[in-house]
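Two complexes are shown next, each including subunit A; its partner changes from subunit B in the first to subunit C in the second.
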Partner chain A sequence: MKRVVENSNALNCIRLVFACLLFLALACPVSGKSPDVYININNPFLKKIPIAVPVFKGVSGNDSELAKCAEAADMLSRTLDFTSYFKLLDRGSFLFDPRKDDIVGAGINFQNWTTVGAELLITGGLLVQGDAVEAELRLFDSFKGQMLVGKKYKGPTADLLKIMRRFAGEVIYSITGERGIFDTQIAFVSTQTGPKEIFVCDFDGYDPKPVTRSGSISLSPAWSSDGQWLAFTSYARGKPELQIRQLKEKRGAVVAKEGVNISPAWFPGQFALAATLSFSGDSEIYLLTGNGNIIRRLTHNPGIDVSPSFSPDGKQMAFVSNRSGNPHIYIQELASGQVRRLTFQGRYNTQPAWSPKGDRIAYCGSDDGQFNIHVIGVKAADSVQLTRNAGNNESPSWSPDGNLIAFSSTRQGPSRIYVMNAYGTDQRMLLNLSGEQTSPRWSPPLFNQEKPLDF
Partner chain B sequence: MLAVSCAVHLALIALAAFMIAHKPAYRRSSPSVINVTMVSFPSSTPEAKPSGPAAPKVETPAEQKIPKPAPKAETPPPVPVEQKPVPETPKPEAVSVAKKTEPVKPKESLKKKTFKPDKVVESAVKRIETRAESTKPDSLAQALDKLKKDVAKGPPNQAAGSALPAGAGPPAGGQSGGEGGGGGEVGTIWDVYANNIVMEQVQKNWAFPEQLAGNIQNAEALLVITIASSGEIVDIWFETRSGNAYLDESAYRAVKKSNPLPPPPAGKSPLSVGLYFTPSGVQK
Partner chain C sequence: MRRVLWMIFALCFVMSGMLFTVSCAKKTISSDTSLTQSEEDRLAAERARQEELARQRALEEQRLLEERQRAAALQGQGAMTERERFVNEDVHFDFDSSVLSAEAQQILLDKAQWLRRNSDASVTIEGHCDERGTNEYNLALGDRRANSVRAYLTDLGISASRMDTVSYGEERPLDSGHDEAAWARNRRAHFEIR
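Right, the complex of A and B next:
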């Protein structure tokens, strides 16, 4: 009889309910009791995530592969370090030889990693065969013993850095839910080859190369929001003209009106840009097509109006005007034309750069003769100074994820490009070239661009 | 066999029902405040426990002005705790642990203030011992009594809780809730333990990049941990998730890394502590 009952569906259902209740009964004594004491924890001592990136494992085990394993792990470490999200744990502090451990979840003794404080662990395996490389990379939460992301890449060994950056992007995505900056570049002005030319390097300073070889002066590079176009001021024909260039196809336009043609800034999502033109006898900001034709005049004021920077939604424009005497930053509603003054602190504020998230504007300000980078809230107008007592710091430019700011600084004598995080910490030199480097401009993500520009 | 399983199941259902029936009461009684009654030790004003809502305003300035007397008043508690177990508590572990901490603290704090350390320390130790002997068992018993009473009746507890927002409200008051109270209100020894030792250790182990805090300054995760008498964290669960995955994860890891904690004061075992994690302090 028991068997009959056991087999009945109804009783099975009841059993399920019982099982649930049992579970509840077991769970409740724990979670049902309210805590004896509550405390607040609001100030993390560590401002970076401790992560361990042990040297990768060679699959075939030959010597050249081992060298690549160390190289690749270093590349990945450096790339992650650059984001300033992570504290890369010193490999000397590891308590055992990670090469003896497995690289897949089941074979990893996570306690080895938690005891050295690694919250995250990246393991990798490389298979090098001739000029081809296969990389297997995994990110683990070492306290939960859980794999957060795992990827396999194949490519030529020359693309090892690309592979590591791609995986770094996955790591950032799994932690922040946002795509990182690993496919961005930075344009800047350099005198490495003599006169001021436009250069471009990778986001982390690698692989700098000239874009212009005019032999004259080129200034103020500006990326279009699809990263395909670069506009800049050129003195190639004696007076400041605006060059608009398609980077890959070597075509473009020139705006060479009477007077100055300077300080370009692209309109978000459109094949259009703003620039300061003085053909009317007064420096005003105009909106131009990507082909250099005037769409309309944006500012109407007898003073000087320069350095436009659009809000990410394209509804507002920050710019510099001396309408109140000294140069200060103003914001104009593009639809209504209404203008309000943003900066009141300091004697002299220029070079506004609207943050990609839209809430803040970085700028270069001076009160005591020294130039420093500040950030101000668009609404609250609460200004914070990010650099101090370190030479002149100018030309702030946000990384497209809004976490980093590139700028130029004379803190070590000649002007060089530096990067800091958006709160001013972790200031470090981006690249060390001969000559002087100025006017960095961070590109949007350059690869896997989904949205073409509206023409 | 079926009968046995039925009986067991029924018992479990009853238990479950009991827990469920009681759960709301617990929850209601402690929405965002300490559920523990503050106990005044006789060394300070004996029964200054406020029940009115005006109390916290009086309390807060006192905390700020006189933060030092509190630890003094609190150092004695371990003493009785250490003596008590002989007649009452059966757990010897807690005894030995309490012993270790006991002699060090009074010596240190007194040394700083005196010119003849030896004598003063001697007399101070004596004084503390006598005082502890005469007063502490009472206060501890009192504390336990009160706790029992509060557990028994829900609403008064709520009132007591709301009178002491310093212990749990998200603003900084929470941290001083345990340290302060020199002006008459003294937190329980467990408040002191949680607000100093637990907070310090967990905060020290908490890693949260400031870039991630940008848009979630107000996000808040509530993690509850259960601490065994040995100091080991035997259980961790989320009472409330913040909605930000990384905040939750990092909070969980911070707690994991903080295990084991220094043993909590005896008398409440296991001790459960609710930890509100917010990144509001990341950018100063």
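Right, the complex of A and C next:
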């Protein structure tokens, strides 16, 4: 396990990385398609990239446009900051105001930016006309003096945040080669309106909205891998039943067998999900169609079998069983049915969440009465504890790029949703609603973006 | 000569006395320290164990007392009918367990009797858990608790068709506290007459 580089070493590290990058840049000519590697995706948080996002330039120069220019630059800064990749440089330290000059590239004196430490620079121009906005945004490598990505967007002013997130997605893609999380949402359970209901908010906690208004208990939301369906446990008819709901079209199915119908997890890439049903008198995990019909029974063991989570390739399933006396995480090969125990530390390990890259499993474990988030290798079984001395921490859920983990914590009293990076650092509260918030589940990318125009 | 003999005798007496004293003192000191040390540890451990036992006894007594008081209060009002006792008396479980204790079995014998006397009554058995652990696991655990109660009553000759079960996991605590006393009250099977 690598440790975060200390501050005193940071500068040397940056120099070294830059020397390497410069060398790489000289060595291999950049093709338009494959992006440069600016971030070590094996531990992207080892060194944060200093980035400058100065206030955007107003094209027409009217007052309402100026306000929007600051607002939009702030939106973009916050969105980029959320990834934990960047160090957003203080605008007060800038030597130069790009609003007074060129934002396109040819006229930028990049030394103004390298001097204040900015490895990356984003310039923007806004043209606000009535309710419509046009945005030109560019990302530069200030050391190379080169534009990495440039996009032009048009839309209603109300969509300014959407535009900024879309460009943030381009920034992430150009420096990591991955698509990022800016078109994802997080489902969770909230008591804001009384009993437990399912809510959904944007990846950064923005715009929380209720999905259910049943007035009964709703639990354990789970996204289908296309993001179109949400399955959850509902007491709307008095008993714990499984609801499978198409989010846009308001249709779906209910699994209401005798006993419990709980803990859904969708199968990757298919309209199928696993859930725990106890109609046989014993709780077992079954594979169901998206319409709620049983395909086959997956576990065969007297005792509790619950909380399935599939490997991204769909070949294995992690789940919780008390077959050894206490709840522990097990892994089952789906083809052979072979089961092996994964966790041996602690007395109570539950809620496995298979990482999107497939190599690790996050879970909630307890040894001493406190519940904490841990991550364990699927093969090496080397467990690392990510939360400690901060209340109870439960329900880990990976962002679809595998870089962040959402979880619930009682560190400030009532349960709230928090986010940290996959190495356990940068832990922060996602959103602050009244009541208690639990069971976050990160959506897949929701692909609701139209293609912006390339320059 | 007598004087010399006397002196030798006296000398021997004194020296052996001294020897004895010295060796004795040494022994006492050395063995004393080690004894004191281990003894203290042992006593401290024993004290801690006794305190823990006393604390647990006190908690248990407190719980029983409260239960008796509740029952007495209801009886005092003349309101504690058999039916109400049937509904109010819960069956309790250990942490992460659905095993019926001797006390739980005694309560269920009473419940079976009532169900025999009231053969037209149907009941719902609710399985509940304390707040520790995860919601999904606790839903499955509550289900097992309700089922083990139903199975016990079926063995006593009560028709399974009169008994419905529902698990609430940790979703409906009786006691909103966050200590062992609250958790013990919340780990329960509760009866509702349909």
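As a working rule, the second predicted complex is superposed on the first by the 401 of 455 C-alpha atoms of A that agree within 3 Å, B and C clash if a C-alpha of one lies under 4 Å from a C-alpha of the other, contacts with A are read in each partner's own complex, and residues count from 1 in each chain.
As a convention for this text, a contact is a pair of C-beta atoms (placed from the backbone, for glycine too) under 8 Å apart; a residue touches a chain by one contact, two chains touch by 3 or more.
Remember, it's a predicted structure, so these values are computed and weren't measured experimentally.
Once the two complexes are laid over each other on the shared chain, residue contacts for A:336 go to neither subunit B nor subunit C. Contacts of A:389 after superposition: neither subunit B nor subunit C is touched.
By the document's definition of touching, of the two partners only subunit B reaches A:421; subunit C does not. Contacts of A:117 after superposition: subunit B is touched, whereas subunit C is not reached. When both complexes are overlaid on chain A, the residue A:260 reaches subunit C alone and has no touch with subunit B. Set side by side, subunit B and subunit C differ in how many residues of subunit A they touch, and the one touching more is B. Taken together, the two structures place no residue of subunit A in contact with subunit B in one case and with subunit C in the other. Across the interface of their complex, subunit A is touched by residues 96, 132-137, 139-141, 143-144, 147, 165-169, 171 of subunit C. Interface residues of subunit A, counted against subunit C in their complex, comprise 196, 217, 219-220, 233, 235, 238-240, 259-260, 262-263, 276, 278, 281, 283, 304-307, 320, 322, 326-327, 348, 350-351, 364, 366, 369, 371, 394-395, 438-439. Per the touch definition, subunit A reaches subunit B in the complex via residues 2, 5, 18, 21-22, 24-25, 28-50, 84-87, 114, 117, 119, 141, 143-144, 175-177, 357, 402-403, 421-423, 425. The part of subunit B that touches subunit A in the complex is made up of residues 1-2, 9, 12-13, 15-16, 19-20, 22-23, 26-27, 29-30, 32-36, 167-168, 170-172, 174-175, 178, 188, 190-191, 193-195, 198-199, 202-212, 214-215, 224, 226, 235, 237, 239, 245-246, 249-254, 256-257, 268, 271-283.
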